[in-house]
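Heads up, the next two complexes both have chain A, just with different partners, chain B and then chain C.
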Partner chain A sequence: MLGQVVISGILSGALYAMVALGLALIFGVMRIINVAHGPLLMLGAYTTYFLSTVLDVNPYLTVPVSMAVLFAVGVVLERTLVFRVVDAPELSSLLLTFGVSIALVNLAQLLFTSDLRSVEYLTGAWVVGPFALSKTRVVAFVFAGTLTGLAFLLLGWTKLGKAIRATSQSREVAMVCGIDVQRIHLVTFGLASALAAAGGALIAVIVAIQPEMGQTWTFKSFLVIVLGGAGNYPGALLGGILLGLIEQVASLFLTTQLSEVVAYVLLVAILLVRPTGLLGGRQT
Partner chain B sequence: MTTKALGALITAMGVVAGGLPAEAQGPIRIGASLSLTGTYAKLGRNQHEGYKLCVKDLNTKGGLLGRKVELVVYDDQSTPATAVRLYEKLITEDRVDGVMGPYSSPVTEASVNVTEKYKKVMVAPLAATTSIFKRPPDKKRSYVFMVISPAEEYLEGLIDTAAKRGLKTVAIVNEDTLFSKAAASGAVELAKKRGMQVVFQEAYPKGNTDFSALLTKVKALTPDVLAAATYFDDAVALTRQMRELDVNPKAYGVTVGGDLPEFYDTLKTNAEYVYGATQWEPVLPYPNNTEFFEAYKKEFGHEPSYHSAAGYAGCLIYAEAVKRAGTLDADRVREQLLKLEMRTIFGEYKVDADGFQVAHKIVTFQWQEGRKVVVWPDELALAKPRFPTPPWNQR
Partner chain C sequence: MSGRHVALAAPAAVALALAAYPAVASGYGVRATLQVFMWIVLAGSWNLISGLTGYVSFGHVAFFGAGAYAGAILMSKAGWPWLAAALVGGVAAVVLALVIGYPCLRLKGPYFAIAMLGLNEVLRALVSYFEGLTGGGNGLSLPTLDATIPIYYVMGLTAVTVIALTYLIITSRFGLRLMTIREDEVAAEAMGIDTARHKLYAFLLSAVGPGIAGALTARDQGYIEPISVFPLATTITMIVMVLFGGKGTVWGPVLGAVVLFVTQEVVWARYPYVHPLLFGAIIVAVVLLMPRGVLGILQIRYRLPRTI
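Presenting the complex of A and B:
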């Protein structure tokens, strides 16, 4: 039984890690907690839903499309609203993204109604010995792993990635070195939204979606980056897997009701004992 | 006689005949807070449509007490706290003439405190939890009336069907809210009474989407029956994840949500063999049931669920009591509601001294080839249940 929940935990943890990496990027580079991260994920989920049901596209082929669409949405959001609060006190950015979040959810309720929608594809499980591996979750794991890997490659090896990391270390010095910080902000916000969209697209194939699905993902992503260390990108990876495991193992030994309590008690404990997260704060 | 004098005479006659001053003859306004968005939206909206159709039917038959009837509805987003605020607003700001109940037990439980405070009669057609009506002697409620069968009876059909076929062990899971808890504890009692062993019982929080750990525990115990006290979202998620984790009970049933056409639309063939409980089906032989079904379909472009029918019937029951009382006065309407015995499209209505429903019957169905087939109780059953449920890999 423990084996089964560890598998489930790691499978969902990879998704948490990928989605949280987006939030961590925005926080690292722009010093903004993007409360609208979850609702952006929701929009990604709906993009996949409509592409796969209306146009009959294979849902997994819609992942890059959802990412592209939400990259654009992210860019527009950054250019019209978010850039205004980059240097403002933290409360302004919280309020702004909170507002955007409410607006997006209500817009989705208006446009898509709050009906549950689901993409039926690849249902069932692969049974390996005593373990059942949900097909959709395994595929989501592979996608999340690959996309997270690509994101790290981008950050570590490309000129753009280096510029992003430089901006996240010190905006002033980056600017002095000739990095177009405005552009980096724009790209980062777009990338982060695309990562959220990928999460949404994959989730749409696993569970039924509705406009309010995003908020819990904002909280979970926040939890993940606090666990791993805010602004620390590999930390998001560790935090994601940890959160997945904690949730599942807590549901096994305690009850499903208590598993969220355990996760958030842990959040408080880490903030008290090691406020910079398990892997330490911002990368230097 | 001048025109003016004639006018005055007619007005005077009208006043004498009506017994009320002319300006009081505006519409009767009935207020309700309903879950039009949020978790219960699907079900709340159907209830809303039931109310709307009832009001329309009342008005085509000349209204109530000679006055037109009008609905004042707000959206509580499926949250009890919002509903409380909305009933306060309806009663104190909008000054409605009467109220009808909201959707779901948790929301009714919260709202009823407001209607009791202002001594307003509330027929609560979609509240199935016993504890809302059956209260300790010092906390009695006088103005709330039940229409549907209590939550405790929801899983009776599943348990009875399983017990008759010699199944021995049952696992029970439920959403951690008022109605689902009551349905689960009712199932535990019924199972014990039938000599079955309850091997597992656990609650999960409202809005939960990941049931893997819960189902892993269930799977390890290999129970014959899985009884889930659910609403819609969790019923869908549980069923999908049972398939993903290859959980194979011989009979699996849910409570609310499983009876909606959307349950099958969302799950497709994965919904086959799933048992559900319903307060009402269009095929049941109740008076005017077919007419209601057709009229509803024509009006709203989709089929009614039991939430629609209960909303419709609840509103008719309230109207009947008002008619018999001859007034909107809460105490006199209350007297009539306590005495009333009525057979509507929804079945029987009769309450005891606590306003608790004692006459209405619940039925159990099974999804068979995309259709809900009533399989329990025997006297209303249209077919035999397909038993046992085959394992997922043999479907």
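Presenting the complex of A and C:
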């Protein structure tokens, strides 16, 4: 029983980690919490849904397409709206991205209606020894692990990644070193949206989607960042896995309604006891 | 008459007219005005925390809902009179604000905003879980009682109190400290302001009004359910009202509440799906194009005092 819980927790935790890494990147580089992160994930989910049901493409092949589409959406969003509030007081950036998120959710309701939609693919589970592993969740884990790994490779080993980390440490110094900070902001926002889109695409195969699915993801991604320590990118990984485990353990003891509360209580408790996160503050 | 006299006489005249209004008005007129009062309470309260300290509350409707449930449970299960229950609704909202505000407002940055973003869903889940007390998804019916007119007066009084409170705060040292936090929190700390405590006080004050309004609305409608008292749309509407009217001002939320409510009744009621979309666009537009809102622009252009 416990083994099953740990496995399920890690499976869903990888997904949390990947989505939260996007939010953490934007926060680290631009000092903005993007409230529209979850709704962008929702758009990624719908992209996969329509590609796989209307055009009949294998849903897992649509993951890169969703990521590319949302990368473009993220870039447009940054270039038209978000860059205007990067240096503004926090109130402005929070309200602006909140406004964007409301607009996106309601636009989706208008275009796609509020009906629950699901992608039927790879149903059932693989039985390994005493454990039953839901097929879609295992595939999502593999995708999320690979994509998160690629993101860390990009951050750690490429010139672009170095520039992103530099901007996140100090924008002024990065600028002095000749880094085009505006471009880094643009790319970071695009990458973060693509990570959210990948999450949405994978979720669409696991559970039914609807326009309001995004809000919870903004909240949970933020919780993951807080768990791992804000501005600490590897922390997002640990935070994601932790949240996955905690939710699974909680669902053992509590009813479904109350297990939704667990994430919230956890956030308030962490802020009370250890506001810098479990791994400590910024270190990139 | 000097400007100061006008500034006092005009609101007094409006208040008198509104006090006499139920005697001549239709049922619809009283209900609509009651709604305007409610929106003034909600928008004015949001302004106390977010407009004055700059800390954005994305879940203020949680206090409305908490007040509604606290009041409704007392009225239906314990047989309390509605006025007392409404006051307890306000107290319940303050207690909730203390629980959330104490950990989250000690920190700078977006923690508070995101915590408030999640609060609504949590309360909804709790209401569904404690089914015996709250009726769960089936809702909670109150004993029949036609009290619209007395509720009209109490809601009106609450609205006046919120406006007066905002005026008192803005003209006080306490208010100046809050606005210092908004403009530069590090500087405020350097000047010796206990920022965490000031933010918390502002937050507690901002929870009372919505709590009372929630309980009053529960009594007036006679029936509440999770969807009707915890809609995200209510928070969005409050935010749009304050941003449009002018955040951090006394009359901005009032202006926003009246203008938006009337527009909503006249125009947008016909296009129920377009208007939330439009609200998102309005928030974006106001933040980028006129961050001070209508009243803020007038204040600068005509050199009006900041107590307007």
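In this text, the second predicted complex is superposed on the first by the 283 of 284 C-alpha atoms of A that agree within 3 Å, B and C clash if a C-alpha of one lies under 4 Å from a C-alpha of the other, contacts with A are read in each partner's own complex, and residues count from 1 in each chain.
The rule we apply is simple: a residue touches a chain if its C-beta (ideal position, glycine included) is under 8 Å from a C-beta of that chain, and two chains touch if they have at least 3 such contacts.
What you see is a predicted model; the values in this text were computed from it and never measured.
In the superposed pair of complexes, A:T216 makes contact with chain B and with chain C alike. In the overlay built on the shared chain, the residue A:V100 is in contact with chain C alone; chain B does not reach it. After overlaying the two complexes on the shared chain, residue contacts for A:V176 are found with neither chain B nor chain C. In the superposition on chain A, contact of A:V128 is made with neither chain B nor chain C. When both complexes are overlaid on chain A, the residue A:L55 reaches neither chain B nor chain C. Within the superposed three-chain model, A:Q109 lies in touch with chain B and with chain C [touch as defined at top]. When both complexes are overlaid on chain A, the residue A:T255 reaches chain B and chain C alike.
In the superposed model, A:R137 makes contact with chain B only, not with chain C.
Under the contact criterion defined above, the residues of chain A that touch both chain B in one complex and chain C in the other are 109, 216, 255, 257, 260. Within the complex formed with chain C, the residues of chain A that make contact are 33, 35, 81, 84-85, 89-92, 94-96, 98-107, 109-110, 215-216, 218-219, 222, 226, 230, 255, 257-258, 260-261, 263-264, 267-269, 271-272, 275. Residues of chain A that touch chain B in their complex: 1, 4-5, 8, 12, 109, 114-118, 120, 123-125, 127, 132, 134-137, 207-208, 210, 212-213, 216, 247-249, 251-252, 255-257, 259-260. Residues 37-38, 41-42, 176, 202-205, 207-214, 216-217, 219-220, 232-233, 236-237, 240-241, 243-246, 262, 266-268, 270, 392-393 of chain B are the ones that touch chain A when the two sit in their complex.
Contact residues of chain C toward chain A in the complex are 50, 54-56, 58, 99-100, 102-104, 106-107, 109-111, 113-115, 117-119, 121-122, 125-126, 128-129, 182, 232, 236, 239, 243, 273-274, 276-277, 279-284, 287-288, 291.
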